[in-house]
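Same chain, two partners: subunit A is paired with subunit B first, then with subunit C.
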Partner chain A sequence: MTIEDTRPRSARYVGRSVQRVEDPRLLSGQGRYVDDITLPGMLHAAFVRSPHARARILNIDASDALALDGVVAVYTAADLAWLNPMVATGPMRDGILAHSRTPLATDVVRHVGDPVAVVLARSPYLAEDGRDLVDVEYEPLEPVLDPLAALEPDSPLVDEALGTNNISHLEESAGDVERAFAEADHVTRLRFHSGRSTAAPIECRGVVAKYEDRAGGRYTIWASTQMPHLLRMFVAPVLGVPEGRVTISSPDVGGAFGLKCTVFPEDVVIPAVAKLSGRPVKWIEDRWENLAAGVHSKDMICTMEIAAKADGTMTAFRGHFVTDSGAFSSIPFTPLVDSQCAGIYLTSCYDVRDVAYSVDNPLTNKCQIGAVRGVGWVPGQLAREVAIDQLARELGKDPVELRLQNMIGPDVYTTAFGQTYDGGSYAEALEKARDAVDYASFRERQAKAREEGRYIGVGFSPFVEPTGWATASAAAGGLPNGYYDTASVTVEPDGSVTVTTGLHSHGQGHETTLAQVTADELGVPMESVRVVFGDTDSSVFGMGTYASRSAVLGFGSIRESAGQVRDRLLRLAAILLEADPGDVELVDGVAGVKGVPGKTVPLQQIALFGYFGGTARPEDVQRDALTATSGYSPGETYANGCAAAVVEVDVETGLVEVEQLVAVEDCGVQLNPTIVKGQVAGAIANGIGVALLEDLVYEDNGEFVSGSLLHYLYPSTTEVPELDLLTIETPSAVSVGGVKGVGEAGTISAPAAIVNAIADALSPFGVVIDRTPVTPEYLRRKLRDAERTREAS
Partner chain B sequence: MKPAQFDYLRPGSLAEAIEALGANPDSKVLAGGQSLIPMMNMRLARPSALVDIGRIDGLAGISANGSLRVGATTRQAEVLADATVQRRWPLITAALRHVGHPATRARGTFGGSIAHAEPAAELPAAMLALDAAFTVHRPGGTRTVAATDFFLGHYTTVLAEDELLGHVDVPALGGSHWAFAEVARRHGDYALTGVAVRLTPDADGVVTDARVALFAVSSRPVRSAAAERLLVGTRVGDAEAATAAGKVALDDIEVAEDSFVSATYRTEATAAIVRRALLEAATNPKGEN
Partner chain C sequence: METRQGNVAVEMTVNGEPMVGIAEPRTLLSDFLRHGLGMTGTHVGCEQGVCGACTVLIDGQPARSCLTFAVQAEGCRVDTVEGMAEGGALSDVQEAFRAEHGLQCGFCTPGFLAATEALLAENPDPTDDEIRDYLSGNICRCTGYQGIIAAVRRAAQTRKAASA
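Right, the complex of A and B next:
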């Protein structure tokens, strides 16, 4: 890739499609993942897991397993009674019950895959042999599977200690919603079930732990996690030690998508049994475990109502969001990460001031709900955007025009619930998507196709994505918490640059983008910058990478710390150049005096002087040398954009083919357009999966039947069409550098565009699409029902 | 996802392989491993021993004189790429395109796909439509089994524990019409329903003999007697006959149902793809003799 230099010198790297520096390592097989870690004397763990949705454990007999040559130990909850419970307290707000669990099930198992015991053996093969020999006697209990029934007072309880299944009921309203609905010319109502999907990263989870019995005991834990410091913060108290006795190291991570920003029982059990056995222990999750016992996402029953005037003005939104929360409240984000996120951002890019939402979070005997790319924004977007198309059909309005008519302007805007958008291209993005699918001629093409018995349709889904998740945005999202993120920049004595950060990278390319930012701020070549993260011993504190936060937080924290170092470098250079610091500039690792060609000093020399220049150096440099550490707590940043889909539906087989997918993305100033495209494309593919393929299915008895990639289908290259990726750049009004995040846009926007396109294609049949994924089986049932209704009337 | 313990044997000859199978109760033939190894990793299969037939001389290869002979261990990718097969038995090529992915076809064998008898697999149905015959090696000799007699149910065939599939013979069928169709969630997935059709026309384009072989609809690949009966005497490409054949295709067949796909869906979608395949058969370039 050639790097064209069109920008002023002060922004040499930011904004350009610099090649990813991590790729040569990762693509040549030199990445080092948790499974690559081998320690002397290490044992391998396999978990005994519940085959039942809900059952009482009557007895655990491990004698056959222990008799097997190569099996070293079997531990159950009784052996781990010294651990403190794992507690999900959730955000710093009222209205959600704290939920506590033991890492291994004590007397009741609560979902298929719930861990019951752990077998340690000399090899992973022997560990699984031992696992198969552990005899657990269960008394099956009636499972709680229907989230709505779980809310009924007579429902059995998933966790009796809580006294209820509903761990959180929240409601909020702004304006006068009742009046708006009473006065509306038209009300549309949609009940939509967003399906159950998950992240399914290529690398499943994994934990390696060792315990050293010195200085009161020290745990070193390697985990495939997105948030080393947070994991340490949550694991240490369960292990009963101060954080200073725990090191978390997260080496290369082979995909995470939010799944790995949860704290799991295995994160605690593996270090605990390393202590008990006196041997290092490795556990590498297999695909079944990942699908059955990781986190699930987006399973939500949404009720969406829109009040409108006859001319198409939308006057009020009302939403009810019930998250089928699974058996445990996930740590740290809780199922509110889905339900609350669906509710509080309900108005999105529409100028609707009367708005209300309520959420319920019933526990059920399924896998826990946690944060996965797009979180509850995806079901919220589906409910709203599908309802808007329905409104347009009912009013006989064009869905694009109706949206444009109701859209907010491009400037800073505060929503009814108080989120303050930092400016965006809301209408422009929709117009751009509309033009990209050639909407003007589409209806004609559609009519012609219908004459040939072919059903094509188009759908739009403009979105706002909360990004740069930090203290301000979390508060605005009704999930208040403190977020602290720092970067430390050091210019080493030879002029090379080391940045450490508590952010993490697991595909996003932060080794590249953060180096770009650093190089620009310091005025050094990017090749001289190394970005270090992923280890609590070597990185400054930070809260990890999720919720599209790292571009904003990385840029902000590095600009501040690098700026401080740059200031010192300039003053040092001024001494060496015998010039005024104001006249010195640092470009490409060479300091010069403005307007005086030939008078230069290289960074190496400045740095050496900075460390060893004695009293000739400024006082602060004598004290701090060339290291600066700084935090950043940004204001609210919101990316926006629009997806548009063109699909063809085979009405006889129910298959949907995505013919065209347009994604217009406005994430403010782009650090690296190629990386932005990669993020958008990956998220769009994820969105295709959510819309059409991905489904975690439980049978009526709670049995889990989607435990392999034979049944949990995600899109492959043959299901993702050539994407039209378009960009608009509206710099953030609030963030350093005008940057916004970009990680989840496609997953938020694509599903609703696809569902709307399917509904549009099938409009002659009067079919209401009311769930994802839209499978062939489901579509045929809908078409069959519609046929029957037509015949009956 | 780690297999239980097993022994591994790699006989150098057919006779040794048969002996090894007989001597090791609950052993299994290992061919391309694309189905067996995943099943072992999930501990759905726990063979005592694997008898790897990958290095036995003469078990792999394609030869076409009058008829086509494909050795059991010939890789699916090799058959797919074979020009003679493409020209003379295009139905096989069409079916193979739907079998998994380039990576699985590079290892998966032609005979393995047949012996495995997954009800949703493409090749077994193609074999039914093509009147293939299978040569089975057994202690003391061989026997030949017609494709129609070979498949018994989910993952079960007439093969005894100490027998193995040696090669497949497909008669020369140039001049017959053919088509292949399936519904799959993603390209390369096992089908939700599928069909291989072959129609033998007389000089006037009237069907004298029909094969409508369905897969993924039942516990084994099946020929639809009802559809075949209906088609004989109709014109190739006749729209009404095609629709009617689709409608009756699953008559007298017990249609499978699972957590993901209902029997009703299978019945409806099968009617559609059978009709489409019959119409397509009229226009597909026929295989040469």
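Right, the complex of A and C next:
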């Protein structure tokens, strides 16, 4: 496949591992995160939160708190009755019940951590003192905790107003699934419980807000968010003001991973109480709040069936995905971001034309489910890839060969559900991963290890990652909305360049990659480009950064706008050089005439002429000067690749050690290979956590017991081995520059590779791995059960 | 010195400069640095002593500033990320983190830099296993640690070459 490459050849920053522009600031302590913002007269907020999974609020007595010196105010839902409800529907979508909530609980609390009241005080310490003195009287109610029981007609309801717990049941099928299963030589079935994990960025959430009684009332909100414009769009109507009266500024953000593309109650409560108190207010989430009351993710009971012929040809997939959705439908993406994403992309890189899925989304008295890196693709990948290994074992086939036998080709391919892949290295990525773990000799090594009483195993997980979230890709994923982004490029009078975008960077390095793109398009040194984002007042409207969209959307929108400016610069230079515009080239900030050495004019002079050259300038330059704004909504882009894991399981302790982890990534044309590697490595580490460590646990009474990082375990330097990061570059057939996204690949692929490797290691014991995380305790239980079964037979 | 509200004046040398601020006896060193002295380079990630983002050096030793009261650092030498770059030039450790892509969002970075300084002071030529072991108390959610380990390795080599 060939991609027309019209990039100027001069600067060529794209594709190079240039060092990051943002690093000196972040390395020297000059980052400005939300907790670094201080305003004159600012108060500090602390939230009173429910200790119960489900309870009726009988009374709230704040008198002791208010008596404390330094506590300024305590507000409850009654004080915020003037706010409009927060509503989650998934914007402009059918298939899920609209779910409405008040930012503070009114009569019923619905999960541990549900906010009930907010205390304002002179310092954060005093706010917490006050919080501890607010006396809330509760009448505990029977909580809804089991997602399957929640679907039963006799279940108590999490929200009586909805009349059901199941806020979304969807079914979709393509081909003739019934017939395929009826005619199959072999059917494999798997029930897999993908565990409850979350993003847990090192920086918790935070909101600072001030209200000024001018121009009818204006809110300025600083929030640790991935999507300033969308947050404004969702917050303004709840506050009851037009968007023009709300400014959202998202300063440096200390990691987000999807958690911060949710609209939270605190995003509304803090500006509201800034208005009520007449003082700026800051709230910085603590870690317990982050774990208990942010968003949870990936908790899904998956049922996966594969119909196959005796020769290993897979003929049909059927999946049922039940997301343990928590107490609220998250705004804006709803729990369908997990369940539906697991189902609708089920065929992944396999040529299976008969496919069906169904999803259910029962509300439960737990924290809401929202978008977190990898979303429902992770459980979907686990269910499918673990089932494929099971199928291979049952048929006596090699799991790699069986996958290759069923894989789609490298060209553009339309899945049974209608997603059109833009070309990829599906088989090649698996082969590359296979070779990187030296699969040819692995079985021998494995046999030898077993003789020594050591259990090693290998697992593979080829994947397709939907990226570049835009109108076409969202529709293909079941979310028929408009998604696009714009960039505005200005060459300033001195020739320096300012780019504004509604995309947001919270670790991805956009100040670098988007400057690379701009510099290439304009033919200027990268150092002259400044990328501005993260403020609704200074950036053009945009959708924010999530769903691995920014490389694709950023490249496309900048290439178009910068291209327009470049065209004007060339025509201006042609006038100054008395040459034909077609003969002028702009390289490293200097315009020259092709083939005429020495005849040049620097960009600074061209720009000054562009602004102040009077009627000598082309008409469009007289009107628009050197600014162009352009939008972009690409076609569907899908990255692909494969993870392979080699693990050793200590059968005495149940501990799993990841000996080797290979990640083959094909995200099309890479803007900056070092940044790509960083994205893949971080996502893989997250995937190790999902597979082995991370678990948000509720007790049988609904109590939440994973509220600290001592209980919610992250991978550290000792759990993430040195990774083998390999790349293939298949340019996208549809996107500008051939670019695809890369943000979530490792988190999608690594868990299934690790689970398959563990199952492979333990194959002599006949252990079936049916959940994540695969903790030592879980594995020991499985091994003990297997031993008992063997002894009994 | 105690004020009427029971607050105390706390003196310490931060990045070589004598500093004084008012703190409650319960004020954490992290909050004292950030909000008392306005040095926001030190970050707070968990306040539970787990994530390591708030790590600073107290008399050369790495310490969780979220588990240390400001008054405990009275009279001590405290080194934070703000003191690492000299005259606007990044230090060898900072340069190594930049060169090896050892940071993404930058939030955990000040803690890693402090821990790295402490490691290299203790062990100028650490093996990869020693690096991993020493830094296992600092958590990064972005990088998967690949760039961080490489950065520490590079910083050790640079320092060794400079002192040779």
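To be clear about the criterion, the second predicted complex is superposed on the first by the 782 of 793 C-alpha atoms of A that agree within 3 Å, B and C clash if a C-alpha of one lies under 4 Å from a C-alpha of the other, contacts with A are read in each partner's own complex, and residues count from 1 in each chain.
Definition applied: contacts are C-beta pairs under 8 Å (C-beta built on N, C-alpha and C of every residue); 3 or more make two chains touch, one makes a residue touch a chain.
Remember, it's a predicted structure, so these values are computed and weren't measured experimentally.
J.: Quick one: is A:R784 in contact with subunit B, with subunit C, with both, or with neither? Answer first, second, both or neither.
T.: A:R784: touches subunit B, not subunit C.
J.: Quick check for you: in the superposed arrangement, does A:D61 touch first (subunit B), second (subunit C), both or neither?
T.: Neither partner.
J.: Looking at A:D286 after the superposition, I want to know if it touches subunit B, subunit C, both of them or none. Which is it: first, second, both, neither?
T.: both
J.: Quick one: is A:V697 in contact with subunit B, with subunit C, with both, or with neither? Answer first, second, both or neither.
T.: first
J.: Once the two complexes are aligned on chain A, which partner has more residues of subunit A within touching range, subunit B or subunit C?
T.: Of the two chains, more subunit A residues are contacted by C.
J.: Determine, under the contact definition given at the top, whether A:D494 touches first (subunit B), second (subunit C), both, or neither.
T.: neither
J.: Under the stated touch criterion, which partner chain does A:E128 make contact with: subunit B (first), subunit C (second), both, or neither?
T.: first
J.: Touch check for A:S708: first (subunit B), second (subunit C), both, or neither?
T.: The answer is both, since A:S708 touches subunit B and subunit C.
J.: Now for A:V720: first (subunit B), second (subunit C), both, or neither, which partner does it touch?
T.: second
J.: Can you pull the subunit A residues that subunit B and subunit C both touch?
T.: In subunit A, residues 124-125, 286-287, 708, 710, 716, 718 are touched by subunit B and also by subunit C.
J.: Can you name the residues of subunit B that touch subunit A in the complex?
T.: 1-5, 42-43, 183, 185-190, 192, 259-262, 264-265, 268-269, 271-273
J.: Residues of subunit C touching subunit A in their complex?
T.: Those in contact with subunit A are residues 24, 26-27, 31, 34-35, 39-48, 50-51, 53, 80-82, 84-85, 90, 94, 97-99, 101, 103-110, 113, 128, 131-133, 135-149.
J.: In the complex formed with subunit C, which residues of subunit A make contact?
T.: 19-20, 22-33, 35-36, 38, 124-125, 199-204, 252-257, 286-287, 506-509, 674-675, 677-678, 680-686, 708-710, 714, 716-718, 720, 722-723, 725, 746
J.: In the complex formed with subunit B, which residues of subunit A make contact?
T.: Listed in rising order, the residues are 124-125, 128-129, 132, 286-288, 652-655, 693, 697, 699, 705, 708, 710-711, 713, 715-716, 718-719, 775-777, 780-781, 784.
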